[in-house]
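Submitted below is the structure of interest, expressed as structure tokens.
Chains: A, B, C and D, in written order; residue numbering restarts at 1 for each.
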Amino acid sequence: MDISFSAQETRFREECRDWLHANVPCEKRPLDPTEALPFDKAWQRTLYDAGWAGISWPKEYGGRGLSLIQQIIWLEEYARAGAPWIGANFVGINHGGPTLIMNASEAQKSFHLPRILRAEEIWCQGFSEPGAGSDLAGIKTRGRVEGDELVINGSKIWTSFAHVADWQELVLRTEEGSLRHKGLSWVICDMHAPGITIRPIRLMSGEAELAQVFYDDVRIPLANVVGGLGEGWRVAMSTLSFERGTGFIADQVKHAITVARLIDDASASGAIKNDQIAGELAQLRAEVAALRAMTYRNISEVVRTGQPGPEASVIRLFTSELGQRIDRLAVRLKGQDILDFSYGDRDDTQEYLRHYAATIAGGSAQIQRDIIGERMLGLPKSR
Amino acid sequence: MDLAPNTDQIAYQTATADWCRDNMPLDQARNRPAGLWKQLAEMGWTGMTSPEMGLNHATEALVFAELGRFLAPVGLLSTAVAARWVGGDAKVALAIPGDGKLRLFDAEDTTAALGIWNGKAGLTMVPGTIEPRPGLDLSASLSVIDLDLIPNPLEDPRAVHHLQLLAAAYAVGCADAARDMAASYAKIREQFERPIGWFQAIKHICADTAVRCAVARSQLYYAACALDAGDAEAAFHIAAAKRLADQAALENARANIQVHGGIGMTDDATPHLCLKRAHLLSFIAPVTTADLLKG
Amino acid sequence: MDISFSAQETRFREECRDWLHANVPCEKRPLDPTEALPFDKAWQRTLYDAGWAGISWPKEYGGRGLSLIQQIIWLEEYARAGAPWIGANFVGINHGGPTLIMNASEAQKSFHLPRILRAEEIWCQGFSEPGAGSDLAGIKTRGRVEGDELVINGSKIWTSFAHVADWQELVLRTEEGSLRHKGLSWVICDMHAPGITIRPIRLMSGEAELAQVFYDDVRIPLANVVGGLGEGWRVAMSTLSFERGTGFIADQVKHAITVARLIDDASASGAIKNDQIAGELAQLRAEVAALRAMTYRNISEVVRTGQPGPEASVIRLFTSELGQRIDRLAVRLKGQDILDFSYGDRDDTQEYLRHYAATIAGGSAQIQRDIIGERMLGLPKSR
Amino acid sequence: MDLAPNTDQIAYQTATADWCRDNMPLDQARNRPAGLWKQLAEMGWTGMTSPEMGLNHATEALVFAELGRFLAPVGLLSTAVAARWVGGDAKVALAIPGDGKLRLFDAEDTTAALGIWNGKAGLTMVPGTIEPRPGLDLSASLSVIDLDLIPNPLEDPRAVHHLQLLAAAYAVGCADAARDMAASYAKIREQFERPIGWFQAIKHICADTAVRCAVARSQLYYAACALDAGDAEAAFHIAAAKRLADQAALENARANIQVHGGIGMTDDATPHLCLKRAHLLSFIAPVTTADLLKG
């Protein structure tokens, strides 16, 4: 066990830092997803041109083919530099792309992957449904095979960037009458296809980045199925092992930066003289450190064995709940200023409101605890 | 000793809830009709706390908990306190001073605002130039003034307790609303082929909302009676009621959002209205540690 | 709504206070249950002779027949005066006796009730079993009808004062093959009957008041069945409505006294200058006040309607968890002194260790939350 | 960067756990045989931290977490720190000074005790007249001396961090033991005709024990490596590890008792051994708020 990085890794970190220092844009990323689109595309293109897109993606599809540790170093430095969120490119880079790498045909990969890296394609996700949130296997959106096409009907919800996306990673039921995890397929859906309607959803933090998507006899070629008809559950789950614990690095670095800032602010304002506040800040600082340690430990396990350690399932839960604790203290320290918040503001209050999603989206805290109890401790399955 | 509402009090409660349900539903809290205040005045809600009405604080607490359950305008709180300690039933804005600023809520068509300055209730003039805008709590318009206006203090020290008590009642109502919303949703929303309220993880979140409501409401009743009785410990009991009610409102609002899942995060749905209201209430006549250790 | 007591009630409170002031013994109740027995009996006899035993019990069985409010006033003053725990008389006075009043035959009542009040009979409880703790309906101890006797085999656990008790309120399965709540009976078991073996259980707080009781062909007359054969569940549940929310008054007053003492001590020691400590004490003081208010509210509901209000089920859970929060703060304030604890000590540490039972005994906190969710909020039953 | 144990380290871990399981089972913690310390010395556990053994702190942390999992004597902590910073492998009692008193643990057959005085590690003489007795933690004998003996301070400031680190490792092991005990019991104990671990209420209590272990153990590894690397923030990382490990040990012990129900309350059962050990560990080289805000 050792916390020091190799000379090569340290050099790589310096390269990242230097480039980011010189290139991170001064202007803020616009909040409105439509306004943000040109910004997101330009920034992704800049990253790509400088060789920072797809650091751990295979070289043949435009990636750098570097190590997992380098990927993490990049993500850490990216967050520390306050570089903008990749926004509309998020699903393609962090989810759709990795899933294609693991599961898609050569034709699918060589068409889409370079375009994703260059921001020539925007992707969105289509997993959750109004009736299938925590219970992903309850999917009802269906695709009927007609000749060499799927005819799709149903609805998806919580889709980020639906109105600006070109493609969607869509999981639907292609086997009529199939139940739960069986009979699902993972499909590349053309978001410009006729029959698609998009209804934006505004959140209580003011953002309107999400949408509900409706499918009315939407026709998608069977060639767009990834990993085979009926293999949707396996394909959707495979992404998790590609991410291998890197998915939360940005959040974690952000948590650490926020806690450091809160400590500085509370020291400056004198709020830290209150033992209660000081105690809570101290506790959060310890927890943020432990979160990094836990992530490093998990990554080390991946490097050593190719698989995340059993604690990987803890990281998601702890990251989300710690983030909420931080945000709650942040707004308490703001005091009455929280009352001035209005939609469109981008401050600690907005973060606080946004982060109620952390224990809901991507598997609620309740589901995460079931998983930890069942998979880590071997307790009997309740569902 | 009797801490259960009597027949008259139950009639007040029921009448209030019925009127609110028909005329001031919670899901319209962010979008109240322009004529609402006139309606409130006509129905007597704005003047019911004036001395000549002879309502005791216990009955007021019951009525304001019902108003709070429907997220009635916070301006009713300041108006009610002014009605009792200044007189009349004119609309009075709610003032929250602090950090060299003055925040006014529901200040449209008012000339005065009531708030707490250094532990004392006071009235201040509302400048003619304010420009109300939406704040965190979408049910209340906000006007921020960048200096702290000097208030005229109210003489009776009980005015502070009165505002604390009524704000606590609003918070109890807000906590009730979140509890009921969460339980209702848990009965109809299905995941894994069962209502989510079947799962202990959700059931226990809901149970805890009920515990917080029971605790806060009980102390609210006791505090109101202590104020009515001129009890030596009334100030402590009101502070305790306010603290527990604020906590119940905030924690129940959070629980309600979690129970609602994704829907609970949306602007269209109602859970966030309770959350934002809970935050606002916590700044109205807030309670300090010292208030709870005194007496 | 009104918090003031009537002139008559206030007079009654003064009488209680005066008598207690003059009569509460200076010596501490011994911790060992066998040593404590003569103390408990003498003290109960003193109470009885002065007219303070069975305040709300019917006059014809030796009680005072007074109101519920007076009962509460007595319990409050009793706890405030620091009067000794009634110890070995606890089950007879607070559980067995009330159950007999609600359910027993005239012969059973006129035999046992006066003896319980005069401490001529000591009772113990026999509900829980090694395999049936939270799940009371899982009772396996069985009684076979033979002629006019029940022949009892099985085992009960967590029985207080088993080794000094004369009688036991015993719930067992009298209908072979019956399931869950059906086929149970509530029986007055003679603890001196042949075939009974008692194994004491020491707790982690050092007390050895509990025991496991084994029944090996124990013969009890059928005449000792209360409320009819097969009616055991109904009989056992009926006690709850007799207690009507008075069961926790002693704990509640003790909580209030403890918090007041912690505030005084922390003020004297200066610990209260720590904002965190002050904040926690303030919170506990508010909660203790609310607990009294909630109890008063529930009692008022009983006086008004004859039934406890729906919040009655909250009182048990809140009392137990609040008690644990208080104890935890108490031992934190003791600091290192906690390390000196040894079995036999009677201090905050012992209380703290003992009170782990509060969220377990008599229905775990988990079961209480199920009940609140299902009965108060109407959520679907999970079990 | 590598925070997973390497092959050698895993061998140390396994050997320690195997030896403990056979020779020092947790359920005998309150009743260790008189010859245990001799056995520990013979096996080399008492001297393994001495400089000539060349073990790094990371490996020590792994080994002490295993020892802690079996509630090994707390005297091993003081002995290990003395072995490194004073030399030798003689048994050294653990000292906890405070409130004008000195508490000595495992002081039988010792002449010196190691503890922290005003933030500095020191050694003090053990008087010949002590009368060890059982204290809260039944696995450690206690001798209370009613005056605070003057210690000889150890020169190297790292001795404090070393004691904190090893005590944190013990606490991580203690938390692990409680987690495993709770999960095992939840699998076999049935209520309502199901293993209690099937119920979400119990399952989630168990899941939280696993979260606390993962968090505390991760930070323990990082802190040990930071001390090995002479990292500028090592003191903070060790303080964070100690705080999180103490919390994990205490909260997991509580969770384990709750999962065990009535049985968990009894003296015969093992859950209370973890609880009492957790309390004792929290007073060994404790961490302040300032320690966590520094650096």
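Rule of thumb we're sticking to: a contact is a pair of C-beta atoms (placed from the backbone, for glycine too) under 8 Å apart; a residue touches a chain by one contact, two chains touch by 3 or more.
None of the values given here were measured: they were computed from a predicted structure.
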Number of hops, chain A to chain C, where each hop joins two touching chains: 1
Pair with more cross-chain C-beta pairs in contact, given C-D and A-D: A-D
Chain A-chain B separation of Cα centroids, rounded to whole Å: 38
Per-residue multi-chain contacts in chain A, two or more chains: 275, 279, 366, 369-370, 382
Where chain B touches two or more other chains, by residue: 199-201, 204
Chain contact topology (line, ring, star, complete or other): complete
Residues on chain B engaged by chain A in the complex (per definition of touch): 96, 98-99, 101, 103, 133-137, 142, 144, 190-193, 199, 201-202, 254, 257-258, 261-262, 264-268, 271-272, 275-276, 279-280, 283
In the complex, chain A residues that touch chain D: 1-5, 9, 69, 263, 272, 275, 278-279, 281-283, 285-287, 289-294, 296-297, 299-301, 303-304, 309, 311, 314, 317-318, 366, 368-370, 372-374, 376-382
Complex contacts: residues of chain D adjacent to chain B: 199-201, 204
Interface residues, chain C side, partner chain D - complex: 128, 131-135, 138, 157-158, 201-204, 206, 335-343, 349, 353, 356-357, 359-361, 364-366, 369-370, 382-383
Parts of chain B lying in touch with chain C, wherever the complex brings them together: 1-6, 9, 58-59, 62, 179, 183, 186-187, 194-195, 197-200, 203-204, 206-208, 210-211, 214-216, 218-219, 221-222, 224-226, 228-229, 231, 236-237, 239-241, 243-244, 289, 291-293
